[in-house]
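Shared between the two complexes below is subunit A, which has subunit B as its partner in the first and subunit C in the second.
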Partner chain A sequence: MSYFFDSKNTEQMPKGRVEGIAKVTGKAKYSAEYDIPDVTYGVMVGSTIASGRILKMQIEEAMKAPGVIDILSHENKPYVSGFSGMKEMPDNRFGLPIFYTDKVYYNDQPIAMVVAETIEDAMFAASLVKAEYEEAIPETDFAKKAKEVSLKETENDRGSVGAWENAPYKVDQEYTIATEVHNPMEMHATIAQWKPNDKLVLYDKNQGVNRVQSVISSLFDIPTDNIHVISEFVGGGFGSGLRVWPHTIAAVMAAQQVKRPVKVMLTRPQMFTMVGYRPESWQRVKLGADKDGKFLGVIHQAKNISSKIQGFSDGITRVTRKIYGFKNVKTEEAIVDLNVPMPTWNRGPGDTTGCFGVESAIDELCHELKLDPVDVRLKNIAPYEMETGLPWSTNYLNECLEKGAELIGWKNRNPVPGSQKEGDYKIGYGVAVGMWGSGRSYTGASIDMQKDGVITVRTAMTDIGTGTGTGMQNVAHTVTGIPKSKIKIELGNSDFPKAPSQGGSRGMASVSSAVYAASLALKRKVAGYAWPDKDANTLNIDDISLSDKGITYKDSFLPYADIFGKNNLNDIKVEEFAGPGEERKKYGFCSSAAHFYKVKVHEKTGKIKMDRMVIVADAGRIINPKAAANQVIGAGAGGIGMGLLEEQLIDFKTGRLIGNDLAGYHFAVNADVPLIEVSFIGKPDPNINPSGAKGLGEVGIIGAAPAIANAVFNATGKRVRDIPITVERFFNA
Partner chain B sequence: MSMSRRFFLKSSSALAALSFIPNSVKAFYQDVKEKFFVKKQMIPIQLEINKKQYSLTVDSRATLLDVLREELNLTGSKKGCDHGQCGACTVHINGEQALSCLTLAAMAQGKAITTIEGLADGDNLHPMQEAFIENDGFQCGYCTSGQIMSAVACVNEGHTGSVEEIKEYMSGNLCRCGAYNGITEAIQQVAK
Partner chain C sequence: MKPFEYTKPKTVREALSSATRHSHYIAGGTNLVDLMKKEIDEPDKLLDITNTLPDQIEVKDNGVVIGAMVRNTAIAVNKIILESWPLLSKAILKGASPQIRNMASAGGNLLQRTRCPYFYDLTLPCNKRKNGSGCGALKGNNRMGAIIGYSDACVAVHPSDMCVALAALDAKVNIQKADGSEETMNFLDFHRLPGTNPEKDNNLPENALITSIFVPKNNFSKHFEYLKLRDRESYAFALVSVAAALDMDGNQISEARLASGGVAHKPWRWTKAEDFLKGKQATAENFAEAARIAAEDTAPLSTNAFKVPLLKGAIETALHTCLTNKA
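On to the complex of A and B.
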């Protein structure tokens, strides 16, 4: 059954999202919320050391607790072909080989899972599980170890390295960003249920059902088709759902072991250690320009935290090679492996981090040269895709800058730091930009039409809050002509046509193409049934339109009842796939955004308040105006977190996280965020795909943090190069 | 019988630290534990949820949130932290905002509980639900039930004098998608 669309209240539909009613009434079912008979509860237990080996699990007391069915660990687990016979860590492509190693690589590494009859039983028993360890001294201090790790060439250099050195005006600065944890509101959860004949059903929180299918398939050596993954509602992701994490694998193992369905939901503290985070980073930017602010060269170096289990490079310097027309570029990166949990992609991975370095350095340069930061950026925007030499298909970053400057009233900004005041607050304005490579991936969609003319559009792609379903409905409506109230959407299910994960801002650009293709196919197929004497494939597609009642071709109209009747049909089905093609060889593609922020800084307390945030984005055609604006607003709120609030601290001695819950780790709450002003350029990209949508999820956060830091500098003259700008960092700067 | 949840949590974290403690202290702690630890106990309770009476036998340690979600399949109330830090589990008890994750089910007897499932009048949505749809006051939807329950309380309690006042009142309900514009605008719309 689908919970996504409540057809009883179709008159509500045009006002909001297709799944709106399900979400505001509590009927939407997230992965832990399916009512599965005979379900058991799994609770993960983490290690209490950060490095070493488990000598012995101590589970006797826990096993005696009421309701406990079994306790999985490396001493007690079912056979998993992908983990058995595994070579030494690292380099296991599945990440942590849960329950297949006695080694401990980080604190709170999952070492056991209690399975019990009720959630209370499982939680209590989990608190009784202990282990005897052989402890080693962990490496946990990024700043300390980063100094010992050498940089490596990214092998993407352009021009001459010395160009930077010889420039008349130079900036050479270091920037750091604290670890940031995704923390979607829904904690990661899985219900695993084995069925006869090696069939497996997974209700799982993730961003890509086909990805989960393929990972579980190769780990457990069962055919992909045997695995049914359902992720109809996903309570946020931001990248944490792009991988299959140990708890999902543990749930599958436990369900096999106890021969009953197992439900596991991580606790909030486990959300900090078991499903990735944006790694802490260090950057050095050396930027050279002439007296007019024309960039002559740049050297960008970066290092990020990685785990001992699997190397993870965030790709921090990529953005530098992209946004501006640097003819001379050198980029170097390194990963710093520590006894910490595995990092992963977090909203705008790499580019968000890299932009803080580069966009801050540009602001420093502009201040030194006494040039306007908007003008300098306009002067330096990449005239074509610098790495491939291909012309931009579309890139309206210049218009984003011009429009943003106008909306915030940039011309009234006093460039002299600390010169503007409102009451007890100093005020300042800052600008920064962001860019993200856009593209689409091979994606399927099907449409199923019933006799009453109601169509159901389906795809395996998930909607993690991005408005995928609503976008699919909008495209199907625009192309077929069928009213939205007659278009149902079903998604996030591996039984539906295959689709890539919802990530990297590719969701809408990809799925809109598939729905477009399926909508055209539906028109032709219905026309073929309506007028069998005509060759449907040769009809001009624009002359065919569908409505809630029937099909029109030029002046002819036929009701659905007649078409279904005379052809003896129960339904009409089409399935189409769409993906990138020749256009990738001809053009470079990007989405971009300009951030113009006004901050207020309290002189005595160091309190920083976001007063106004104007974000202008070029994301091609906007398919869902409300949801698109909401995406950018949310990204801006994420940017406030990165710039001012979010910081995961670690106790270097034990490798334990400090403040690892929502009281200790602060992301932006309602009062931290002003009513964000969002605008779009809105011009369709004619080459990327039929809809002209370029993707939007990432660009709203890329450039947000440096815009805040630049505004703080304008307000106070304090250049904060280490974020988040907490009160102590502000006063120490 | 009714040990607080806080005591339970403190005791279990004390247990985790047990391995570092000398044997004599351990033995003393075991004695204390035998005497004071709340053992699993199944108790009969009556709850009134969304104007419907339920007779249940629940674990004395069960929170109202877990009883709603795991026993009654009323999964509209969300678990976002289980520690009263995020607001996703907000319900109304006797017409007032309450965090169902910090309320033991047994404590909610004899009180009128309203969850998100009980807010609409049949198929007719509550004006706040309509306003959330119209103003796109959500993205992923996971915090939405709690946001709406708090939003209704915000209007009922008259904290809608300004954007700032609404934002301050609503800051106990976290939204990681950051749909704060829509949430604030939905409340403004209903308050008019």
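On to the complex of A and C.
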């Protein structure tokens, strides 16, 4: 098993990430990189129609190809209890019942898996697998079908629409966002290995090992404890790893069928169809205000793409009910099911989408009112959590706005669109904000101390590039006093104390508390061994501290060698769990961010360049400033993708995706991204958890896209309501 | 990928005589290997020509001869090229990524195939991949497609940046045919328009080798620009690109060159606009008129009308930049 730093070099601990050295030296093992004896290779085969039925699999030629062991399909598969009793779609909670249906719901739906001796054999044979279909005409055009689907109440309304019917100022506009694909760098992959007595080992790319355990357990009807999931290094997720996708289930089935371990790794084009995406969406926002810019009411309607397999609502209007103190709110949503792959949560799910509508509409309103968009927002921030009526535990959105305005030099902005120039470029400034509910979940962590004083902190939680391991080390160091060079981190393993998935910005807020609790427990336990005559539970915990050499209590010091020797110990172990409690009934919790961007737009070519990006976030205490800034920088770069570049096109006739590889799908590259200027308010939240850290993963992207569009408006007077702002959308606006 | 045989001929003669109907030459492999992985090209045999063809840049015959195996990066950073044909260097550096340019050869660059998504997806119709199957892009998603010179059979565009500069600079292509005979083709005649047989990208005879590229001397090294407009700032193919070069006499234009990528099945020369500029003053009005003349002949497809204003803006901007972009 790998480790989060090289144990032989503990003195040369990296100043950045605990796992940094392992990653840059290639020692870090990602799921597909484990070398399992006797492994076979699985390659997924997708359908070539978007709707219809498979009449017959044509596998004869493929079976004859060199190295082929077996080909799974609905005609040839092992028993899977969860699928065999399956009800009609779209109610199946597992998503696509892979190999348990002859129906085709979207193009490139996995219909077979070739298992062969080598990856090359498997890929070649996969190219020979064909199917005979009965084809139906697919529904693939969101804009077209969305018109036919009626909206439903979200049942979260406040006040009434009538109350602001006569608002002196109103905007009423529609906004759309193209489909966006997560595309983490690491391809999704699974190695499935069955062991005697129904035991299963999975090396799997995902964001939560315990979630994988429970899904596989209920699908295959084996106890959770029989399933060992290892996801030590995860090369990004953005939400694509929050579900268990068909390829993982197929790997488990195939390993059962061929009685050997099976490794499957998606290809890049499969990353576009088999592990979700942020669904294309439509929104209408109607906003009313008085002459001073005080909001009177809002109607927010939204629709998003869903698949025919399983309904997926992105929850686009939620954010509208949250950020501002609207007394009158009406929100309606609908899903539009098409013959397309399954969408899923993508960074800041729902709120990122919803914010584009609402934050754009506010900018439109401010322009009409001739009021400053920063002032108007400051005036309208929700004074308490609107949906529950609870007071905010902490909400420093106002400070984010004030600080961001200061940093970008907002007061020098000319509010008249198209009035500022630099060379051949028009320049403009835009602002938008984002908010995300700060959650926390029940999480475990353990600490294991060795005789030399080195401790290993463990949790099942994954680190998907979020800096989770580094944050854990920071907390353990701060609480125990043990130097960082003596703190090892192990995570992403279902043998370790249970933890929620790394998602929804809950990771650090949850695990920091578990590590905090375990660190305190360790101090007491070591103290108990050191001074058996004292009752360790009653000692003032702040008087106890650990170091690389031993324990100190007030004036007494005892080296670890003595403690371990005297008690005849090999190691000292503690395990603690921590989760939310009564505070959730007393307060509302949120993280927030303000985005202040400067764009340049070329007068003749319409080329849009991000010139400056200032992002100020309130995420409570910042446990590791570097990792935290890194989260926000990544989110900002993702925001450029959403605002300007990322768009998954589809061929309406066939339901095939267009340009589904990294040359055809354009997320931002370094050349598109200016230096992103990140700062934090940094005030601990006293109620959320012992560390005072609120979540940070999502909020950096929420509000990014509208800040870009608002800046483009300020630069050019063109209001682009459909993103990404590709050149055609800009010209047509 | 289909299994294949691999050999490395030592001489041009050996390469030519080893070639069969189902073999392919492989140079940098940056395009061919992708096409093989996608099962678009399924050769039985690969003939690795990296040691077969010249990889030198030489001043000769009142111009420069670039060996077919010179890597794209080596051309872009070459002193002679930077001094006398800087437009070529600039165009190359706007293409692909450093890693790809380090591998890509001069000959391979000319022969890279279109990036039309319908060509790349085996399940979709594409006459270029399989003549007679139809053109999926014609009525499908064609935002990357052509705006000039296309046919009902094919609306794909040639993806190269380097070739746009070569088209502007009146280059020639030296080839050696399967029977050993040699031939020189004008660059502008090398690539084809699709017509009814889009499966043929160019006029290179079957199994012939490109041995080198010749670029004649010119007076364009002082006022030039390669402007590439694309969906993102790097690592993306052109929506529209413009190679512009001016030979100036004071503020008067003695000669002009204008070519574009991303608009047609081959690198496109805007000769009418060039003729217009000849003898004119370098003014914003004349540049705008040149852009208008070029755009006049275009006819966009269902989803790429934006390319026309984009082209106009790009031509004007590139011509302006020529005046300040002094090497």
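Following the convention adopted for this analysis, the second predicted complex is superposed on the first by the 728 of 733 C-alpha atoms of A that agree within 3 Å, B and C clash if a C-alpha of one lies under 4 Å from a C-alpha of the other, contacts with A are read in each partner's own complex, and residues count from 1 in each chain.
Please note the rule applied: a contact is a pair of C-beta atoms (placed from the backbone, for glycine too) under 8 Å apart; a residue touches a chain by one contact, two chains touch by 3 or more.
A quick note: this is a predicted structure, and the numbers were derived from the prediction, not measured.
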Partner chain in contact with A:T48 - subunit B first, subunit C second, else both or neither | both
Touch check for A:I482: first (subunit B), second (subunit C), both, or neither?
-> neither
So, does A:L558 touch the first partner subunit B, the second partner subunit C, both, or neither?
-> neither
State whether A:V727 touches subunit B only (first), subunit C only (second), both chains, or neither.
-> second
Touching A:F233, do we find subunit B (first), subunit C (second), both, or neither?
-> first
So, does A:S127 touch the first partner subunit B, the second partner subunit C, both, or neither?
-> both
Mind working out whether A:K23 is in touch with subunit B, subunit C, both or neither, as first, second, both or neither?
-> first
Mind working out whether A:N670 is in touch with subunit B, subunit C, both or neither, as first, second, both or neither?
-> both
Give one of first, second, both or neither to describe whether A:G67 is in contact with subunit B, with subunit C, with both, or with none.
-> first
Partner contacting more residues of subunit A (subunit B vs subunit C) = B
What is the shared patch of subunit A, the residues that subunit B and subunit C both contact?
-> 48, 66, 120, 124, 127, 663, 668-672
The residues of subunit A that touch subunit B in their complex are 8-9, 12, 15-17, 19-30, 32-33, 35, 48, 66-67, 118-121, 124, 127-128, 130, 182-187, 233-238, 265, 267-268, 464-467, 626-627, 629-631, 633-638, 661-663, 667-673, 675-676
List of subunit B residues in touch with subunit A within their complex | 12-13, 15-16, 18-19, 40, 59, 61-62, 66, 69-70, 73-83, 85-86, 88, 115-117, 119-120, 123, 125, 129-130, 132-134, 136, 138-145, 148, 163-164, 166-168, 170-185
Complex contacts: residues of subunit A adjacent to subunit C | 48, 66, 107, 120, 123-124, 127, 424, 602, 604-607, 609, 645, 649-654, 656, 658-659, 663-664, 666, 668-672, 726-728, 731-732
Enumerate the contact residues on subunit C facing subunit A in the complex.
-> 1-3, 39, 115, 117-118, 120-121, 123-124, 136, 139-141, 143-144, 227, 229, 231-237, 239, 303-306, 309-310, 312-314, 316-317
